[in-house]
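Look at the two complexes coming up: subunit A is in both, with subunit B in one and subunit C in the other.
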Partner chain A sequence: MERFAELVIASVLLAGLYATMAYGLGLIYGVLRIVNLNHGGMIMAGAYAAWWLHAALGLDPYLSLALVSVVAFFVGIFTYRLLVRRLPRGAAGGVQSLLLLFGVWLILRNAAYLIFTGNDHTLRTSYSTLAVGIGSALVSVNRIAVFGVAILILVFLHLLLTRTYMGKAIRAVAQNPDSCTLVGIPVERIYGLTFGLGTALASAAGLLGSTLFPFNPTFGGAELLKSFVVVVLGGLGSVAGTAIAALILAVVEVFAILVIPAYLTAAVGFVLLVVVLVVRPGGLFGQRVLG
Partner chain B sequence: MKVPLPAWVRPRAAIGLLAACVVLALVPLLNGAVYWHNLLTLTFVGVAAALAWNWLGGYLGQVSFGHAAMFGVGGFVAAQLQLQLRFPMLVSWAIGGVAAGAFSLIWGHPTLRLRGPYFSIATIGVGEATRLVCTYWDWFTGGSSGLSLPMRSNLKYELYWYGIALAALAVAASYALRRSPMGLSLLAIKSDVDAASDVGVSATRLQDWVLFLSGLTIGICGAFYASYFSYIEPGDMFGFDRSISWVLMGVIGGIGTILGPALGAVIFILVKEYLIASYPQLYLGLYGTLLVLVILFEPLGITGLFLRLVRRRRPDLAVTGMAAED
Partner chain C sequence: MRTATRVLALCALLLGACKQSSPEQKQPAQTASGGAAAPSGNEILIGATLPLTGGEARIGGFYKEGYELAFEEANQAGGISVGGKKMPVRLTLLDDTSAQATAASLADRLINSDKVSFLLGTYATNLVEAQSVVAEQNNIPYVNGGGAATAIYKRGYKWVFGLLAPVELLAESIMKWVDAEQQGGHLPKPATIALLWENTSHGKDFRKGVTEWADKTKTYKVLVDESFELGGKDFSALLGQVKAAKADLFLADAHLPDYITMQRQYVTAGLCNKVLSYGARGSEKQAAEALGKKNVEYVLSAVWWSPLLADKNPEAKKFVDLFKAKHQNRVPEWYQALGYETARALFRAIEQAGSLDRNAVKEKLAALKMTSILPGGELTFPAEFGQQSHAPFVVQQNMPDGSSPIVAPQDSATAKGIAPNPNCGK
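Here is the complex of A and B:
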């Protein structure tokens, strides 16, 4: 029973990170109809940025979060303006954008190998080993902090998308870009902003992840797949749907350790993806992921 | 003697393929250098694999980033059959290929049914998960120390001709998959699944078939590779680099064209041999840069460049049906 409580707490805390990770991917997919394969690259970049700022300047990762996200936001806008914008829309553009953004990911990964080598890095702060008791379970302070920050990010996003002009414009473009042009919404600019937001979310998730797990230049690959699982499970656009889907993935992953050998957990997310696609292709809440 | 050919086979194409095979088959008899022998054999495997990748990535527009999973399954199944059960080489290749094709259906069947990029994303996970699981399953792959196959003198030399046969079969299959009536169905599925099914094209069945054929061919390539090097280990067979290399061969040569990926494979292997071998720490970045540049400036790769030249010289020649862009 004690073990059970521990696993439940672990899944809930992990779900916060997964939701942040997935929301960036889902946002770009929902608005631009593009799967940002460089999502994995930006998760990795966020982790290394946090590590470097901590090692070189002594900046606490939670303080550097704002800086890293803002920089990643502009990197995203730049990626959109320089590369993604030039691709045709529609079916051909779909395949091309996959390949193009995959290329960008490879370049980022190579840069990480050159600068930081292929060895595992870990980000250790003074509070990395602190833990508090919740009931009978002992929980790392860091995990709680990551969860808290992830929730704050999601609340901020929800408010941004529902209460501001920019958020409303983003949602409108997701529904129908042609009508948006008619009523004077600058669709191209909204695309750029959305790409920037999604990229910023990826790097923020990478930064949060770097405080929990060791990482190397391949970090982000498994995370991309998990984000995709959450997006498929939760449908697009709803923060609540994403949160529930992230919780499901986290619970399945954490509890899988009880019944299968540890080396198979890498395949858990994927099996879940296939099961969902077969049983409920529209996601748990009935929205079609593709119109 | 008149050879009966289906109406969609142009005699010139069939003769060209035969002539190329004959010329290549004679090369080792004229020039015995081991270096060229080796490079050419690897090119044949590359050509066959790149074409097999293109059936999915090009003809159907379902890009796979994890084909190394089938390469490894084919290689290790064939290796185990030869080691444990003493199966003859060709039989074990065939069974390895079928196993790889079946494996691709297990995860591909559900993901191919859905529109959009599900398949591509799933392949990233499949490649990684298969590599991890197979590295742990040492009863199957020998773990990270790998497997050694029985060696036979002269085998490496003979495999050159098997390589030609493999590549020629893949070229013939690429031609058939595009030019036969089935090729038209594949194009229809690629451009509009709904419209295709309205006119009676069964997208699910055809996509599964193409996936199976692609997995089968890649699996046989893996089995060939295992016999050729007589030593295989999972990190190399299931490697991510291997999957990307086929993506690149397709993109460089021209995704969706019949012969583009074969040309892409030749170029890729030459570039790898002469350029990347000297800068091993930069190869991922080079691959990435190539991908970005080709997609931005010439999405049909070398074939696209070629078509552009032809059009400039002879504007009256309307080159259609070859380009698979929507």
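Here is the complex of A and C:
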């Protein structure tokens, strides 16, 4: 029973990390119908930003979360205005957007090699190895914090999308951009804001990841892969679905250790992905329009 | 919506492929010492690749320092004596980006395009495993100090020579020290083991070393025997098994990033075993900085070389002095030492062959017996082990003052090891 409780806690905390990584990717795809391959690049950039702010200014990573997210938000808007808006909309822009954003990711990654070298970096704070007891299990304070931030982001996104004009506009654009133009919603502006928001969420995920793992310029690749799995499982364009899918993926991965060798647990998520695509091609929660 | 889902799923699959191959897409960095021109006939061209970017970049940089020092030393002495004539040596060094396929294709380029006469190997078992195939196919002497798995040397290759003693021997060195502590009454008899190993040839050899020792001595019982994927992020479930097992010894085999991630989660989960080891990792400064000195105390590691050997081995002292003079008094780690010694072994074989004939140099490498900076003071490539060195390991233990003295073998020891871990139960 004790072991079961520990696995449950491990699953829930891992789900927080997965959800944080996936929100931004799901949001951008849900509205712009663009697969943002640079999501991985911004995860990496967020990790380095947190590390640099901590090393140079002594800023705690959780305190720098807002700063990094705001800067990344504007980086996202800039990327949209400079590059993404030139792409054809819808399916016609699919391949181009993949190539373009993959290119941006490669540029970011190589810039990181130039600036920070390929060495692993680690962000160490006074609470990096601090733990608190939950029942019989000792749980990392960092992991709990990451989970807490994941919940806050979920609430923030929910409120933004359901209670604000901007959020309602985002949902409307996700449903039918042409009709939005007819009723006076500035579609291009909404696209830019959404891309900025998704980019900010990616960098926030990277920042949180940097508090848990060593990282180098290749950081973000594996995280992007997990994000894809979560977003597809949850159903495209569903924020709550993303969170639940993250939990399902984490539970399956963590509990898989009871029945299969540990090195195979990472593959379990992809098996789950294939099963869901066969059984429920629209994802576990089908189509939602961001809410 | 189904189409959209499928597009996204396809992206996931494509990205999975990219994840494996992306390092290959980076431009290999040309970092040749002296550039990469056609051979002039008056110098000896030697080719090598190292992981100067990618996951193993840090250690690749260390090997580069070792190679460069050996080349500088040889050239400052006027070059290598070949048939009575001194010839300078030139290294053409390329970045294999920590990718297997790149390491193999660049070796092919060095041999067939840059026309190097001999090859020095890259770092990390998986890369050496792939690259050595190219050397063997092209009949070119290939000396490496970065591949330890026995799988590399069990293929019957004639042109491949390795300085890293097998990982099985590494595990055995740790177990011998543990055994001595057990005999001394410091550890229970029988003792229980939680064994985690990375799912690579390196990890499999480590596992084999530990389990065979346990089977042979009958004084150990392996309670957990699990592997993990290289570059893992979340070890909490795996460490949960270790915790539940309440084993006396926690023995893992991991590369540096995994050691840092796993040890952080190990400490956070409140685990404490009487003996704690991550195989060859443990004493790295980077780990102490990333985890805090307190959190790496009493970690046991077995390595192929230690700067402390300089106290008893004149060759090692000469290397340490040379390295410190060149690098602002920085103390070398085993990576630089192995790089240096790898190049020196090739130089010695060329001198003994008295020509640049590949076959002659290969024969001299096979019969090589040279005074070495390695533990034991002698380097050979025994044919019975597939031309893999079996130089002994030194076992180190991290102490609370931040030092990592040698605790075994007895003839090299600079301090006495401590077991059980005094931090447990505090």
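Brief remarks follow.
Everything below uses one rule, namely that the second predicted complex is superposed on the first by the 272 of 291 C-alpha atoms of A that agree within 3 Å, B and C clash if a C-alpha of one lies under 4 Å from a C-alpha of the other, contacts with A are read in each partner's own complex, and residues count from 1 in each chain.
Here is the rule we use: a residue touches a chain if its C-beta (ideal position, glycine included) is under 8 Å from a C-beta of that chain, and two chains touch if they have at least 3 such contacts.
Just so you know, these numbers come straight off a predicted model, no measurement behind them.
Steric overlap between subunit B and subunit C is present once the structures are superposed on subunit A.
Applying the stated contact rule after C-alpha superposition, one finds that A:Q96 touches subunit B and leaves subunit C untouched. By the touch criterion defined above, A:L225 lies against subunit B and subunit C together after alignment on the C-alpha atoms of chain A. In the superposed pair of complexes, A:V254 makes contact with subunit C only, with no contact to subunit B.
When the shared chain is aligned, subunit B comes close enough to touch A:L83, but subunit C does not.
In the overlay built on the shared chain, the residue A:L14 is in contact with subunit C alone; subunit B does not reach it.
Of the two partner chains, subunit B is the only one that A:A111 touches; subunit C does not reach it. For subunit A, the partner with contacts to more residues, out of subunit B and subunit C, is C. Legend: residue contacts after superposition of the two complexes on their common chain; A:V35 is shown touching both subunit B and subunit C.
By the touch criterion stated above, A:V278 is placed in contact with subunit B alone, subunit C being left untouched.
With the complexes overlaid on chain A C-alpha atoms, the stretch of subunit B that clashes with subunit C is 117-125, out of 81-89, 117-125 or 315-323. Taken together, the two complexes place residues 35, 91, 94, 98, 102, 106, 110, 113, 218, 221-222, 224-225, 228, 232, 261, 263, 266, 270, 273, 277, 281 of subunit A in contact with subunit B and also with subunit C. Only residues 1-9, 11-12, 15-16, 18-19, 22-23, 25-26, 52-55, 57-58, 61, 98, 196, 199, 226-229, 231-234, 236-238, 240-241, 243-244, 256-257, 260-261, 264-265, 267-270, 286, 289-292, 295 of subunit C touch subunit A when the two sit together in their complex. Contact residues of subunit A toward subunit C in the complex are 2-3, 6-7, 10, 13-14, 29, 33, 35, 37, 91, 94, 98, 102, 106, 110, 113, 117-120, 122, 124, 128-131, 137-140, 142-143, 212-214, 216-218, 221-222, 224-225, 228-229, 231-232, 236, 253-255, 257, 261-263, 265-266, 270, 273, 277, 281-283, 286-287.
Contact residues of subunit A toward subunit B in the complex are 35, 83, 86-87, 90-92, 94-96, 98-100, 102-111, 113-114, 218, 221-222, 224-225, 228, 232, 261, 263-264, 266-267, 269-270, 273-274, 277-278, 281, 289-290. For subunit B in complex with subunit A, the touching residues are 57, 61, 63, 65, 107, 110-111, 113-118, 120-122, 124-126, 128-129, 132-133, 136, 190-191, 240, 244, 247, 251, 255, 281-285, 287-292, 295-296, 299, 325-326.
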